[in-house]
Each structure stands twice: as structure tokens, then as C-alpha cells.
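My questions will all concern the structure given below.
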Amino acid sequence: MGRDVANRRLRAGIVGGGKGSFIGAVHRVAVELDGQAEVVAGAMSTDPQRAEESAKAWFLDRSYASYEEMAEKEAARPDGIDFVMVATPNHMHYPVAKAFLQHGIHVVSDKPMSFSLEEAREEVALVEKSNLIFAVTHNYTGYPMVRQARDLVRSGAIGEIRKVMVEYIQDWLMDSQENSGNKQAAWRTDPTKSGIAGSVGDIGTHAENLLEFITGQKIASLSADLSTFVAGRQLDDDANMLLRLENGAKGLLTCSQIAAGEENNLNIRVYGTRAGLEWHQMEPNTLLFKQPGQPTQIYRTNAAYTSDEAKAAARTPGGHPEGFYEAFANVYKQVIADIRRVESGEKPLGGYPTVYDGLRGMLFISKVVESSQKGATWVDMNA
Amino acid sequence: MGRDVANRRLRAGIVGGGKGSFIGAVHRVAVELDGQAEVVAGAMSTDPQRAEESAKAWFLDRSYASYEEMAEKEAARPDGIDFVMVATPNHMHYPVAKAFLQHGIHVVSDKPMSFSLEEAREEVALVEKSNLIFAVTHNYTGYPMVRQARDLVRSGAIGEIRKVMVEYIQDWLMDSQENSGNKQAAWRTDPTKSGIAGSVGDIGTHAENLLEFITGQKIASLSADLSTFVAGRQLDDDANMLLRLENGAKGLLTCSQIAAGEENNLNIRVYGTRAGLEWHQMEPNTLLFKQPGQPTQIYRTNAAYTSDEAKAAARTPGGHPEGFYEAFANVYKQVIADIRRVESGEKPLGGYPTVYDGLRGMLFISKVVESSQKGATWVDMNA
Amino acid sequence: MGRDVANRRLRAGIVGGGKGSFIGAVHRVAVELDGQAEVVAGAMSTDPQRAEESAKAWFLDRSYASYEEMAEKEAARPDGIDFVMVATPNHMHYPVAKAFLQHGIHVVSDKPMSFSLEEAREEVALVEKSNLIFAVTHNYTGYPMVRQARDLVRSGAIGEIRKVMVEYIQDWLMDSQENSGNKQAAWRTDPTKSGIAGSVGDIGTHAENLLEFITGQKIASLSADLSTFVAGRQLDDDANMLLRLENGAKGLLTCSQIAAGEENNLNIRVYGTRAGLEWHQMEPNTLLFKQPGQPTQIYRTNAAYTSDEAKAAARTPGGHPEGFYEAFANVYKQVIADIRRVESGEKPLGGYPTVYDGLRGMLFISKVVESSQKGATWVDMNA
Amino acid sequence: MGRDVANRRLRAGIVGGGKGSFIGAVHRVAVELDGQAEVVAGAMSTDPQRAEESAKAWFLDRSYASYEEMAEKEAARPDGIDFVMVATPNHMHYPVAKAFLQHGIHVVSDKPMSFSLEEAREEVALVEKSNLIFAVTHNYTGYPMVRQARDLVRSGAIGEIRKVMVEYIQDWLMDSQENSGNKQAAWRTDPTKSGIAGSVGDIGTHAENLLEFITGQKIASLSADLSTFVAGRQLDDDANMLLRLENGAKGLLTCSQIAAGEENNLNIRVYGTRAGLEWHQMEPNTLLFKQPGQPTQIYRTNAAYTSDEAKAAARTPGGHPEGFYEAFANVYKQVIADIRRVESGEKPLGGYPTVYDGLRGMLFISKVVESSQKGATWVDMNA
């Protein structure tokens, strides 16, 4: 569009992510990791003092009391931010994104993309007419072995997909953390901030996105059984689902935040007519490729035999573990490259989750809740 | 009842399990492993020559052309068999068991226990009036770490169970093996021999049994989505299910014989209000005990800290792997001890899967097929 | 030589292995597992009552008060034992084996084969002139994946071997068990029963044998640092060694019975000019095949792609774990087949560890102790 | 000493690490990861054009043609660098460090710290009189689970240490990479750049450092067998060693760059009178704590039960994998905090590897080579 982005790191701003936030620091580390961007401005909390302290702790040049002010003033500066990172609770994702989009600033939004499906549809429309880069942080797509998994599917090595099993299970909400002063727990279990879903919105959408990312198949219909095991909680903390994919494959998806003893156990298995795949987020540099009648093969991050896309997502030689930050940074790596492109008049290349993936996640949430409310019966994703 | 079983190995007979059978040899090894029984007679095939050759290969004293003849003649001999092992395809399980029960001979039957639910109910009635020992080879209950898992649940260490995930996935029927001369595949995919279910009867019942064995909870209702992926096959080769247990816990169960690259991957995870459990049949001497906020503990077969029942199911010091045969032999170990007891006028102690577990498996098959036929809707296990 | 061994199980006798022994039951299970032999006679303890009770618990036909009597009487019977299993403490291995060899009875001896290197040399001479089958229970060679590993080396897939790492570490003697009534510990730490070495004789010889079995290379020289960590103990309970193999490869060997928290951790890694191998006894059905620049491959017991020898050592389909008993039984399987052969006038085929492997183990013990006594300096295995 | 370091990121410079270097990017990511420092200047190559291009790719403010010029000019600027990172081949480590130390600039040096033991001793003297922070990048000490391991030793949970096993094995030099245009391989195998050792200097020193870091024990003597397997290579590419520690413990250390199929397999096991430990760099967020007679415990990065030091080295909730970069950044985190302290007149707190660890590494190299040259005999580390 015309900013001069050559010969400098891009300038990023952040909304939310202040002191005490887990995800704020993740965004900062991830966006700066490749030395292609630096965070210079923020509206890091709705509490002015906390906003100020948070910005100071990060040595930011500019701290704002509100995201509206930030959007307006940054858009007006010649050295204003090139893009904003939205790291607020869910209900603010869309309003914040909207403000920056309307000021011509590129956006990277946390997921779920919005508070409601309606908002998500508005957001798509807004992005479509904006010509701005808009990404959603389905960060698990950034792991090299997830890229490798997708490439194995694309290459035909798996054959036609028949069965998919995806799980995202944790235990951090197995007790009533929201009543013990845990802010992370409080907003995630509050329907006025989180939306109509709890665990399904927070982590189920990652599972859904990972499944569709790797398999290249969309969920056609689902039957979901949501539970709330912790007394007094208003949103689901566990969900089990049957899936049918568009190509006729069948699937299971479960997410849970009450699975005692589980940390952050996201994993996926895909079985086709020719071979199977297995990947675990907690040991992310390993991917199992399972061919019937052949020894299972252990694919490893950045090994010589990995695909170009998998290699592009890796930074260190095999055996030097890459983790959560590096995967998250891979989303930013492609976003930053695309911002450079569009600002230089080139076409964006993509590769990161977009507003359409965000919409897909909101549709998933909506359908899962609908299915569960109807007694865990089948609902069509496209109806 | 009056046989003199002191100071000798018990005498076992086998029906089925002739040359080329996998399960025949398993029964022989398992029943003889502890030196408490020996196989002396058999009707090992409906093909007379194969029956003869099979018996000779095992150095059996007596080979019969039919199970009816065997039941009659063995019952008449003073040194006749104490019990019979039924290792035929499914449709013959009940007729064979019935013949021996009617001749006063104890029975160990393969699963699923019968061809139909009706037969299973008859079988229960027959056993109840017989005063004979009747066991079903849900052999996976025999692993020491499965016993340990049950004991951890019973002890309260897991708390109230909330979520259960059980899988039994293989790949050996991912292609049309039944048309390539594979006898094992042929009868398992033939509804006249296997019954109304394929993978659900063959392996799904093991998963169901394992779940109920470890958790002590019964499945209250289920919603099952069965698939037949291999063209021309008449029975299911894959199934995904949502479960609700009697105590309010939720569950997922899947079985598959088309999961490319999977050998014999039976595994279970149980999550309660206090802790979680994880066990994998393919590395059976390890059980993970997962307490939130504590390091996960690796329980190992025959370690000092294991429960009495787990120790009773182990034979070698920790680190000397025990496997499939040893677990299978644990079913026989308790069966043989009970036969010795009842023949000596004592009460049986149990511990192995009984005719009621067999009935439960047949009910499960029936309900799963019903659910799937109704469009993967919920059916009540007790309706 | 002329016994009629057709159409019957072979008859085995046992010396030692009475009540309380771990290895006695292992021999019984292993020798009978394939239904090709049965234990019928024993001199199971030097304590007559314990001998009697032990034999009765196994339903043996004949119990003897001494091995001398047993050798004499069994040799004289038309239905006498075909072979004897020597399951005594080390100092009795040779006297017992000698007695049976001299009566024309085949022998399977526990390791280390004898009390001293001199005895081992006598034993070789005795066996060489006897024309009897003589095997040593280096049972870890019986695992299918160990056979597979050897076949990968033989096939050239590993290339020229450069580096070998073998470990056998346990913790059961990390405290002074020998003073707490543990009979197993007592004789193993007693130089009058165990010989000149402790851990090196008990488990180090297994490591040495496994290394030479898989690599096909002999240890040319070694430098060994033996330790006795438990106060008051007379023999080594830990050993670290540098090795040089005949082909120029280098190696590390360690054995320990004071490695806190280790059960029975025998493992080996082999690296050549083309690829590497890794195997762990505690998960014995998996073998890693590591090719540089290629995904590591997971070989599994009885998979379609395994070698003929590996398949011959497996009994169940992939994914049905085979363990310690089954591996031990593979030694007996080949021994029994060879006894049938020689009794039928055929040539033995071997495949199991022989008197020469036993001699090799005794030489290893001798050289290791010599090296350590000289200050952990290099000694030549052939000097 | 008087720079004003408040309210700003520290300014770092780099020598070496230009295009094509693996370690250059590691330093940049690691030093900037916590947002406490930024790289602003560099002398990134001895090739002027490559230096320029490398600096430009990183958007550095200042690029120098030589490290001497950089040291002089940066020292003279009011906004000059606070510290330098030395990322050159080994032979330049000391000259570069010396230049910056002499200009009053703090130093973080790659390991091995110098070309020769003599240089290392000079370097210690220089640092001692300088009052500057000097760190050596034994980055593997930065992993949270390595810190946890050390804390378990310190707490007495392991008891008195008896046995240590440490390995660092790779395969990337298993062929003659140095003759195929691989610059990394070329200088590492060149005695004029690498020093008297190959694999021992490059990775063996990491193993030595890790052992001493975790156990708190020093190596007292060693017997090392070095090999050069690749034809034409001048330095060792494999080493096996026996160790004796100061407290009487025994150990094994091996490093190799010809272990086919191994990526970057650094691992350590420690066994004491009370418990054992096991850690693998390639799955760095897991630490096994092995208590005899108790279930092995799986410690995990940033879990609630981990030690304060382990927690301080972690950034994300359990289950979000932290990797190589994050561990490396932990060295910088403590270095930067100490630079802030000393510049503010406070005492440094340490926690990172220092010039004394660097000296220790050079002593280790010297003694290992001496031992091997004397025929793999014992040498005293303090003689």
C-alpha cells in the first residue's frame, strides 16, 4: 500500500497481553524471534496503571490508555505501527481488530476470532474489502512437523483419508480455578467474555483447525456431547464428538480441560488407504509415518528428507529442539513477509491461518453447541 | 463336584484352534504356562485330516472328529478332560460350549461369547443352573498393569471418574484380505460366522470389557457410527462411539481394523476428580498414573509398590517383560484354581471374565449396531 | 544317537531351581512353552525336603536327592530324561553339567558357564568329545528383535561397525541385600559360589555376549574399572569398560547392580559406516534402525518385513507383546530341535549359545578382573 | 561501572556468526528473546562483503570490517555496545574476547573458550582483573530440567553420587563433510582453527560441563580412548572415556560425531545412594527421577512441583514445549541481569557458566588428548 518497509524491522503494536497474561509474552517473543519486527507500542490493559507498567517492562516507545486511541494515533504517525497483535479476551477480539482494520493497519488476532458467529461474518466482510493482511493465531499449524504432515497428505502418501482422531486435553480447569483469583480461568469460563463455549472455543477450535489444516478436508457434520463437570461453571469444560468429513472419512474429536494430569496434550492421528500419521504437540519435533507392512518411520524436524515447507518452518539443525515459541513465530514469519509484500505492491502468499479459518472456527463453535443442546445429535456444518 | 484334581495337572481339551489358527496356539501356551494344566484332547478342525494333524503336532492323546463326540466320550472317561477351551469362529462358540456344559465339563470360551444376544441369554441360563466354571477370554484383563489400574480406581486414587477414552485399532483388514485366502479374515467378515458385527465384535468388545473392568462403571448409553471402508465387505471395519457411563462420566470408544500402520493398539485413559490413568497394550508393563500438580508416575509390572492383585498376575521381577501369553495365562490361572476349588467342594473365587461379561459384550454389540442403523443416535444399554 | 524322540515331547530334568528361585520357574516355562518338551524329573535343591516339595509343586514324576543320583538313574531308565537344565548357583554349573555329560545326557547350562576359566576349558574339551548338545542360557539372544539386529549387521545394512555401546544396569543390589535374607543376593555376592566377579559375571557376561552376538565381532582388548559400592561386599557391583573390537571398532560396556531406579535395563547401540541400531530389553519388541539422512525406522517383532530368523523367533502377530519367557523359550526351541536331530542321526543346526560362548564369557570375566586389578589398564583378550 | 542501563534494552554486538553460520542466528535469537537486549553492531565475517551483508540482513546499526575496529569504536561511543558475543571459530575466541575485555566491554564467548590451555589461563587472569562479566555458552545448562536435576542433587534427593553416564553423540561428521564444502565441518576438523581436539572440543566439553554442573562433582581423573574414523581427518571424531569423580563416583563419558543416525543426542544419567536421574536433550522438557522401590517420576518443565531455579528458567505453562533457543536464552537472561547489576554498582549473582567453567573445559580437552596419546591410560585432572 505504500509504507516503506525496506531495510528495517516492521513495527508492531499489541492490544492486551499485559502483566500476568501468558499470551502477551508469547506474541512478543514470537513476533520478534526472527529479527524481522519489533514491538513499539501497546494498549496492554484496560487498567491504565497496568497498561503503563506493562509497556515499560517491555521498553515500548508508546503506551496507550485505549485501543481506540492507539489505532487513531498510530495510523497518524509516519513511524506508526505496521500491524497490531490482538491478545485480549475473546469478546474484544473483533472490536479491536475492527478499529485497526478501519485505520488501515494489518491485524493478527487471537482465536477464536470473535465473540459470535455474526461478528465473524462481519469481520470477513471487513477484511475482504480492506486489502489488509489478517491472520488468526492458530499457532499449532506453525510446527515444522505439522507442515510435514500436511505435505505427506498432499503428496498422496497417506492415500484417501478414512479416519481422523484429534485430541486436545488439559487439566488446568479441573477444579474451580475461576473462583480462586485465576484471571485466565475467570474470563475463559465467563460467557460474557468467552462466548457460548468454554473448552470448545479455547482449545477445541485449535483441534478443529489442525484437523482441517493437515487433512485438507472439511468437517461436514458432527455430533457433540458437551459436559460441564465443575460445579457452578457455566460453560463446557469437556467435549466429545463424532465427525464426518466431506470426503466420507470418519473422525473423533475431543477437548477437555478437566483431564487430570494432562498438561497441553494436543495430538492428531490420520489414517488413509495407504498410510497413517501421528503427531503430538508435547514432543513436536517428531512425526510418525506409518505404512502398513513397513517399519514406522520417525520424521524429525529439519531432517534432510523433510519437505520444503517443513524445512522453511525450522531454524536449527535436527536434534536442537524447537518448541512452542518457534511454532508461533512461524505464523508471524509468514505474516511479516506478506505485509512486506503487500506494502511493496506484491501479492501476498499466505500460508498462515486467515480470516476464513477464523470464521470456520466460529462456525465450529456454533455447530458444536447446537448439536449438544439438541441432545448430541448430528448437525450439518453447512446448514 | 467330585473329580480328584489333587496332585496332578488338570486336563484340558480344545475345540477349534487347528493348524493355521493364531488363537489355538495361544490357548495351549496360556493354559499350560503355569504348569497347572495340560492339553490332552481336541477336536481341532471340522476337516478330519486337519484335526488329526493338528492334534498330532501337539502330541495330544486323543483327537476327535467332532466336538459332540469329544464331549460325550471325554465325559465318559475316568481320565477325561476337566475343561474345554472353545477356540472356534464365533457362530460355533455357543453350540460347543453348550455341548460340554451339558456333559458336565467346565468351559473357557472365546469372545464374543455367542453368535447372537439371544444365544448369550440362553448361555447365561445354562451356566447358572450348571454349577460349572465358565469363563470368557477377555484376556486383556489379565495384564498386571490392568489389574493395577483397576485397583487404583477402587482405592479412590482416581476419584470420581469423569472421562474415559478407549481405543482398539489395527490395520490388518485395511484391504480385502478376506478375498486373498486369509481364513482369519474370511470368517471374521462373514456375517454367517461372525454375527451382526465385524470389528465391533472382534475387538470392540475387548475395548468395552476393558473399560468396564478398570472403571467399575457400566456404559449406560451410547451413540455409535459404524463404517465399512473396504468395498464389498458386509460388516463394519471401523467404529466411533460416544459413551455415557452410569455415574455420569463421558467417554469415547473407537475400534478399527483399517487404521493404517497400527498393529494391535489397544489403549485406555481414565480421568477422575483426583487423577488420571493411561495404559497401552503394546507396552503393557507400564501404567501411567497422572496426578495434577504432581509428577506423573510410571508404574511397572511386579514392582514393590504394586497392588496384591497386580503382583499375583506377574511372574518375573520388574524389567523382565511379560507379554500377551502371560496375560492370557492369567485368565487360565484363576480359572484352573477355581476348577480345583469347585471340584474339591469349595466356592469359586472368580477374578476372570464370566458368562455375565460375555453377555455384556453381546449386549454391547447389539446396541452399537442398533445405534448405527438408526443414524448414530443414542441408545440406552438397558432398554 | 539312538533314542526314539519321534511323536513325543522330549523329557527334561532340572538341577536346582527349587522353591524361591526365580530362574527355576523360568526354565520350566521356557522349556515347555512350545509344547515340545516337559519337565519330568528334578534334583531341585540340596535340601531334601525342599527338593521334594519343589518337585511336587511342579507335579514331577521323579524327584532326586542329588544330581549324581539323578544323572545315574535317569541314564539307566528307558524313559529317562533327554536333557538336563542346570539352574544352580555358579559354582555348581560345571560339576552338574559334567555328571550329566558323562552319562550321555544333553545339557543346557545357566551362565556364567563355570566357576573358573580352567573349568570352562575342561568343559569345552568334555563337550567336544561327547557329541552331545550343550547350550548356555544367554537367553537375551532369543528375542526376535535381537535376531533382527544381527541380521541387519550380517546383511551389510549397518556397514562396517565403528562404535558399540552396551549397558546392563539394575538396582537390586544397591543396598546390602545379601545380609537381609535374600538368597539370590547372598550367593551372587559370595566369591565361593559366584566366582571372581559379581555384577560382571551375573549380568556383564550377558552384555558381552549380546554385543558379540549382534555385531559378529569379538572383543580384542578391554580396560575395565570395577567398583564395589556397598560396604562389606567382596565382589564388584558396578563396572565400566572401554572396548576395542577385532575389526577396529571401539566400544563402551557397563554393568551395574547399584544403578538406583533401574530394573533390568539391558540395551545396546551399534553404529557403522552405513547406519545404526538401538535395542532395549525392557521394550524388546521394538528395534530402531537409524540411517543417516533417512527417517529412523521402527522395526517390530513379527512384522512382514522382518528377517526369516526374526520371524522364526516370534509366535504372535505384531502388536501382541512377546517377552522374557518367549525369548528364553527360543533358546530351548532350537536346542530341542537339535536334540531331535542328533538323536535321529542328523547334524545339529545350532543357533543358540554354545559351550564356546560359555567359554568366551569366562574369558571375559577373567580379563575384566585382571584389567581392574592392574588399575583399569588395557588387557588383551587373546593373551 | 557506570553505564546507564536503566529503562532500555542492553546493546549487544557480535563477532562472527555471519551468513551460513548456525550459531550466529542462535546468539541473536537467544540474546533478544526476553526483550532485554538487542543486537546493534557486528563484525560478522572476515570477508568484508559477507560482513556487510550479514549485518544488513539483521538490520544492524553498525557493521565493522574487523573486531579490533569494533572494540575500539564501540568503546568510544556513548551508545556503544554493552557486551559482545563471540561466535567465531575456536582459534579466534580468545583474541576477540581479549580485545573487548581490554576495552571494558563485557563478553559472552562460545566454547571451547580458547585455542589452548595456556590461552585459557591468560583469559582467566584477564577476566579476574577486569571486573567485567564473562560468560561461556555452555547453553545446555540453561534447560529448566537441567536446573531441576541439579537441584535434586543439591537437595540430597539423589544421595551420594556413585555412577554417572553422559553421552553426546551425533552423525554429521560420519563422512568427510570437510571436503565437500561444508564450512562448519571444515574449521572444526582443522587443527589450526579447532585446536588439539575435534569432537572432544566441540561437544565433549558440553558433556563434561553438564556432568559437573548437575552433579556438583569434579572429574578427578580419566582414561580416554580417542578415535578418528574418517580417513584423512586429523582430529578425533569419537571418544570413549572412563571417569573417576572427586567423591569416588565412577563414570562413563562418550562423544561422537560418527554415530550413524544420531542427531544431537546429549543425555545424562546420574545414580546415587538414594535415587537416579535421566535427562535427554532431544526431549528436554522431561526429567526422569528414579527412586528404587517407587514409581519413576516424570518431572516436566514449569510444573508446579519444580524448583525455583527450574521455574525461573521456564517461560510457558507446562506442555508448551521449550527448546534449544529458550535454553540458550537462559544463559543470556542471567548474563544480562548481571550486567545490569554491575553497571548499577551491585554485585553479580552468576548462575551461568563463567571463565572458570571455560578453563575447566580447556583442561578437560588437554587431559583427554594426553590420556589418549599415552594409550588410553589414566591421567589426573589436577596434575
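When the chains are written out, they are named A, B, C and D in that same order, and each has its own residue count from 1.
As a working rule, contacts are C-beta pairs under 8 Å (C-beta built on N, C-alpha and C of every residue); 3 or more make two chains touch, one makes a residue touch a chain.
Because the structure is predicted, anything quoted here is derived from the model rather than measured.
Farthest chain from subunit B, judged by C-alpha centroids: D. For chain pairs A-C and A-D, the one joined by more C-beta pairs in contact is A-D.
The distance from the centre of subunit A to the centre of subunit C, with each centre set as the mean of the Cα atoms, comes to 55 Å.
Averaged C-alpha coordinates give centres for subunit A and subunit D that are 34 Å from one another. In subunit D, the residues that touch at least two other chains are 262, 289, 296, 300, 303. On the side of subunit D, the complex with subunit A involves touching residues 7-9, 22, 25-26, 28-29, 32-35, 38-39, 56, 58-59, 170, 172, 262-265, 281-285, 300, 303, 315-326. Across the complex, subunit C is touched by residues 158-159, 162-163, 165, 167, 171, 174, 223, 225, 227, 229, 238, 240-242, 244, 250-252, 254, 256, 258-262, 269, 271-276, 288-292, 296, 375-378 of subunit D.
Those residues of subunit C whose C-beta lies close enough to touch subunit A in the complex are 289, 293-300, 303-305.
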